[in-house]
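Got some structures for you, see below.
Okay, so subunit A shows up in both of these, paired with subunit B first and subunit C after.
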Partner chain A sequence: MNAHARPVGGKIVTPFFLVLLALAATAGVLVGYRLFTGVGSITALTDQYSWGIWKPINVVTFTGIGAGAYGVGLLTYILNNGKYHPLIRPAVLVGAIGYSLGGASVMIDLGRWWGSVFLLYPPWYNFSSILLEVALCVLTYVGVLWVEVTPAILDRWSADGSSRLKRFAARLQPRLQAALPFVIALAMLLPTMHQSSLGSLYLMAPTKEYPLWFTGWLPFLFLTSCLTMGFGSVSAVDILAGSVMPGRYRTNMALLGGIARVAGWVSLFYVAFRFADLAISGRIGYAFQRSYQVPFFWAEIALFTTSGLLFLSRRARTDRGRLFTAAILALLAGAIYRVDTYLVAFDGGPGARYFPSVGEILVTVGLGALGVAAFLLIVKKLPIFAVGETRP
Partner chain B sequence: MTLSRRTLLKTIAAGGAAGAAAAIALPAGAVSAEAPPPVPPDARGLLYDSTLCIGCQTCTVACQRANRMPSEKSVKVINGAPYLFPTDINADCRTVIKLYEKGDRWAFMKMQCMQCLEPSCTKACMLGSMQKRQYGIVTWDPVRCTGCRYCQIACPYEVPKFQWDSPVPMIVKCDLCLARKDGKTGSACAEVCPREAVIAGPREELLATARRRMAASPRKYNPKIFGEHDGGGNQSMLLAPAGVEFTDLGLPALGDVPPSRLAMNIQHTTYKGFIAPAVLYVAAAVAVFRNMRAERKADAAQGGNEEDRP
Partner chain C sequence: MIDRAPTPFSSVSRRDFLKVCSLAAAAVGLPASAAEQMAAAVQKRKPSVIWLQFQECTGCTESLLRTGHPDVAQVIFDLISLDYTETLMAAAGHQAEAALDAAVRENDGKFICVIEGAIPVKDDGNFCRIADKTALHLTQEIAGRAAAVIAIGSCASWGGVPSASPNPTGASGVSDVLRNKPIVNIPGCPANPYNLLGTVLQFATFGTLPALDDKGRPKFAYARVIHDDCPRRPHFDAGRFSQRYGDEGARQGFCLYKIGCKGPKTPNNCSLVPYVDTPGAWPIGIGAQCFGCSEKGIGFNLPLFETVDVQGATPPAMYTPIDPASGIISPVATGVAGLVGGALVGAGLAYGARLSRDDRDGEARDEEKP
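== the complex of A and B ==
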């Protein structure tokens, strides 16, 4: 089926595209300014809240959105549901972009970013550092995801490249094909490791995390919720593609229905597990206390439950709007869980407050815009979507 | 929809397998979780005795001088006159005296790095910039630091401070004046204290002094030495007046287990010998390989010779 994937084509520079670029450029200017003036100049970060929205949103949520490649990959390659193939290329592209942006955000956030070259120097590795594991996994996985995107590039070259590019593609394709199982296996292992470890990071701060969020199951909950986010993003992207290219691209409702079922049960499992963990460890009482963190907890539960039930509702399998709502809610659910764990539940000490600065928000928005722009550019130029197949 | 139920079951199974590593770690993590961390043979630290402190802040000034810290940020102008007024440790101030009041009880408190026996910052640090080095003192190595600030997230005492307004920021914390900039040696704060409220020395000597003082006037002291066992034990320790709890002084209630132990047990059990990830990788590779081959065969049988690419 993938062989039918074609470049979407069309004009690259649209007004919307220019808006995205303007937002990205704003972020670029701010980042440039930060390089000469320090992290504090454009952020509201303090010694008490030394990680702000760039961590839970730019890194952990962007990669959560990018986890669609992981979720659909699991279904397709491990559980052998080959029918999901048409969803893989868009998911892998979203993953490659999301993870690249996450990695870029880390570099912007690192105070001594040049020191990160030593991430390539194993003698200095501290194997106790959860953050090191996350960093190495994410860096490797960014590479893996772009390798997974290369078949699309080679397809494009062998279809209408110069004769040299055609020869090059023809030589590389079989080798890539042979290597692919090992690359894909890596693409399954690495997210399992780092998505869970993104939760483990906060196991290091037992005295600072609000008890509703602090649990030894943080890694498991982060892994579970990255799957619902990934399924949400895959569904949202496919529905959006169908909506903006009417007559040229048909949303794979049958496939999304299958994914919705899995996503729904995983979401509800997450909620059940969350409550079971709170009840067994005796922390459930915190959910009913008067504290500013508590509404965030219930919002999280409400979002996971609603998106789960919507995913499972019979109508969601035929109703694009309903499925889209479920998908967006699933993304929000995962995002709020991440922000809760990293910021809401985190107690920076007496009197410490954090609210993101305009600069932080603009950088986050700008990076998001850059991601959307990159996605639009690439799907127009490379065979990612199976366009031009639908009959009216 | 024939696949849906099976897919579902299999997904849950796969999710379980994927999370199994983490799951197994939880019960298994209890092993040796209680073992106290080793004390470096040359461990040195500070002993702060709140009952002797008069809050003069000479230690703060001496610290800033000895380490050539700028003091502008610690100065507050009140009614036109400048006062040295550091309200907390920060990137320009490694130690500070605080006054805690609760009801009719009050006590001074000296804040600086506790030099944990098993520090969270050194566990958090990606490239080993933060490490226990000479005398068991936790020091910061600029070359290995990426400025990620995970040490700040991890430290239960909120000790490491970051230079937010510098393009070449450093992490600043007490190193017991191991790298004094005025050519002298020894801890400046202890050197200048007029009341021996803060003294420096080998950990064993400090503990002995603390016990001697408490034995001499037992009614004066809270019977606990903070840092003897708290959070696995520290090299810099505190004594509080009777009736004042250490949590009243703004210190966290850590118990006797190092606060990073849970994370370390989960992480090290999951990744022990890198076996679980290796097994997961091989299993995934075999599954992917077999599934892709089966699919190619099925495609060929259908007459289509399309290759399945992602």
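== the complex of A and C ==
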């Protein structure tokens, strides 16, 4: 993919890395406890709220962050904009990690998790289930993303592996190159399917969803907002890489500026579409009612609008801070939209309420920390970033 | 039921007798094992029952005469000893008074006194006299010496139809004139005889009275309102109502709530235990609204077509999950969530601001250089 990418190198075990591992270990202990004692032991879930934050944050938001691979892939491969190529490897790595965490989260959230082995047994599939579509699609896509990461591994082996590894890499590389167009085609198709399905899931709750969120366009809105999240995560990662490795990795603001323009217009389109849908279906009045959901709606709109305008501002082309802020706000906007749809707008029934327990929050934080740790480890060992090219 | 021949008292076999006891136990919802106990108890000594009738129409007695499982002959000859009842006894005049006197004396403090009809209290109860004694006096004298008092019918329970406004005779229920006695109210107009039999047989067999609600009604029959178990309930839940007598909805058997059915306020088991063994022989069963006979202050008080408040708008099968105390919002969790979210967002924005400053400084330096 990128011939100039090199491992970042450097010390792996840093104090920050150890903190991440400690958080991940805490989550690991809690997950182990939960797997043996049932999902009620560490979560605040009830019969009315059987999906807590593990769904909208661990699954839907983590995969939304991972959708950078999808977004940049669309720009690079479908719109044939080869200049974005240097951003692909980091984006794919973030995607692979985000999706793996999301998939793992689904498993620990399953009431009878041991039954998930039957995902390998098609005769028992329930083909009218949206969740089955999501499960199969996400699992396949996790595989596809890691296949997309393998060129980096092979590059590393052929660069400084043992002679056997070199020979193995040399044999596999041409085959992988031949297969990649198909893998990439799959990598574009699958997220289109499941990112929209993550919205389709709430089509089944028309009477339980607050009308500001329930719309037949849920799948489309989820797909659109996953793009802004993906562009946000790609920009944020690239700016972070440039700022923590000054002199070794140079954030290409011209490149990110192109992405920012797309992200900005998609964000503003999302806001416009949201209001148009509400107005046409006659539900716009709900946005001005006195209800605890309404402030969440306006926060969502404000975040999408602000991040969109920041993305499009002229300063964002040169000012890394401005672009970074826009990216963070875009991630926050997508995350809030997802949490709103899954939890805030969802009415479990009279008397039912939900707020995540400390256990749930710690598992979410720990999984996020695990993802960051895995990312740090991999970029230090494998050629992901094009480092060492910039002249001081 | 129709070709039921009275069994000659002398020819009752043990087998037949046990059958009667099983029927009685089943009719009042006791387990089959209770039949054995019942038979044993009755063989020792049948409980003495004295039945007094005051301001009433004899409807409750008439309906008792029409029970089939067990029938009244079996009840009054095999299961209880009905020592005084003006409707059924052969004796009259002084003979009848002597029988009453004897029964009270022999079973002093042990007999069951069933009272049918309201008791007038105005003008010293002068409106109802039997053997020149007022109903008020009889109640206090005879029921006062009973082990337990059963007030059958709405009249004995709280006045019923004689107490309807303007209530010229001051008609009152037994519990209004008699204190310090266990009183079981079996309201109904007329009361379902099986609710009486269940109470009498439980007392005869176990010496206990059934659990009562706040208005003295046995919970085994009066714990749920008509509306909860109404055969027309699905129509209520689906919003299909009869709007007036004889309309299309009435012909379709829709819910009668809008023409004044008092089912939502009236506790009784009409739909569960068919009145005198005839399914459908009750107001709602024949397409008339429930008029609330077994609830104090409704029957004979509210206008027939007035609607009542619906206490449980939700179908009873959903009572348990409809309002569960569910979901814990722990203050620690909210704190942790706030800290984590705040730290992530705050750090991101702070870092963005720092990068902006750096870039501006860099630009400024670049501009200075040339």
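The rule is simple: the second predicted complex is superposed on the first by the 391 of 392 C-alpha atoms of A that agree within 3 Å, B and C clash if a C-alpha of one lies under 4 Å from a C-alpha of the other, contacts with A are read in each partner's own complex, and residues count from 1 in each chain.
The working rule: a contact is a pair of C-beta atoms (placed from the backbone, for glycine too) under 8 Å apart; a residue touches a chain by one contact, two chains touch by 3 or more.
Remember, it's a predicted structure, so these values are computed and weren't measured experimentally.
Putting subunit B and subunit C on the same copy of subunit A, do they fit or clash?
They clash.
Using the touch criterion from the header, give the chain among subunit B and subunit C with more contacted residues in subunit A.
Counted on subunit A, the partner with more touching residues turns out to be B.
Tell me the contact category for A:Ser243 with respect to subunit B and subunit C: first, second, both or neither.
A:Ser243 sits against subunit C, while subunit B stays out of touch.
What is the contact status of A:Gln48 with respect to subunit B (first) and subunit C (second): first, second, both, or neither?
both
After lining up the shared chain so the two structures overlap, which partner does A:Val92 touch, if you call subunit B first and subunit C second: first, second, both or neither?
In the superposition, A:Val92 contacts subunit B only.
When the two structures are overlaid on chain A, which partner does A:Pro356 contact: first (subunit B), second (subunit C), both, or neither?
Second partner only.
By the touch definition at the top of the document, which applies to A:Thr325: first (subunit B), second (subunit C), both, or neither?
A:Thr325: touches subunit C, not subunit B.
After lining up the shared chain so the two structures overlap, which partner does A:Pro15 touch, if you call subunit B first and subunit C second: first, second, both or neither?
After superposing on A, A:Pro15 lies clear of both subunit B and subunit C.
Should A:Leu132 be classified as contacting the first partner (subunit B), the second (subunit C), both, or neither?
First partner only, subunit B.
In the overlaid three-chain picture, which partner chain does A:Leu203 touch, first (subunit B) or second (subunit C), both, or neither?
first
Both subunit B and subunit C contact which residues of subunit A?
Touching subunit B and subunit C on subunit A: residues 46-48, 348-350.
For the complex, which residues does subunit A have touching subunit C?
For this pair, the touching residues of subunit A are 44, 46-49, 236, 239, 243, 318-322, 324-325, 328, 332, 348-358, 360-362, 365.
Which residues of subunit C touch subunit A in their complex?
My answer: residues 321-330, 332-334, 336-337, 340, 345, 348-349, 351-360, 363.
Spell out the part of subunit A that touches subunit B in their complex, as residue ranges.
1-3, 35-41, 43, 45-48, 50-51, 73-75, 77-83, 85, 88-89, 92, 106, 109-113, 115-116, 118-119, 121, 124-126, 128-133, 135, 148, 151, 155, 177, 180-182, 184-186, 188-189, 192-193, 196-197, 200-208, 216-217, 219-220, 223-224, 227, 257-258, 261-262, 265-266, 269, 346, 348-350
Please give the residue numbers of subunit B that touch subunit A in the complex, ascending.
1, 3-4, 7-8, 10-12, 14-15, 18-19, 22-23, 26, 29, 90-91, 120, 122-128, 142-150, 152-154, 156, 158, 161-169, 250, 252-254, 259-260, 262-264, 266-268, 270-271, 277, 280-282, 284-285, 287-289, 291-292, 294-295, 298, 306-310
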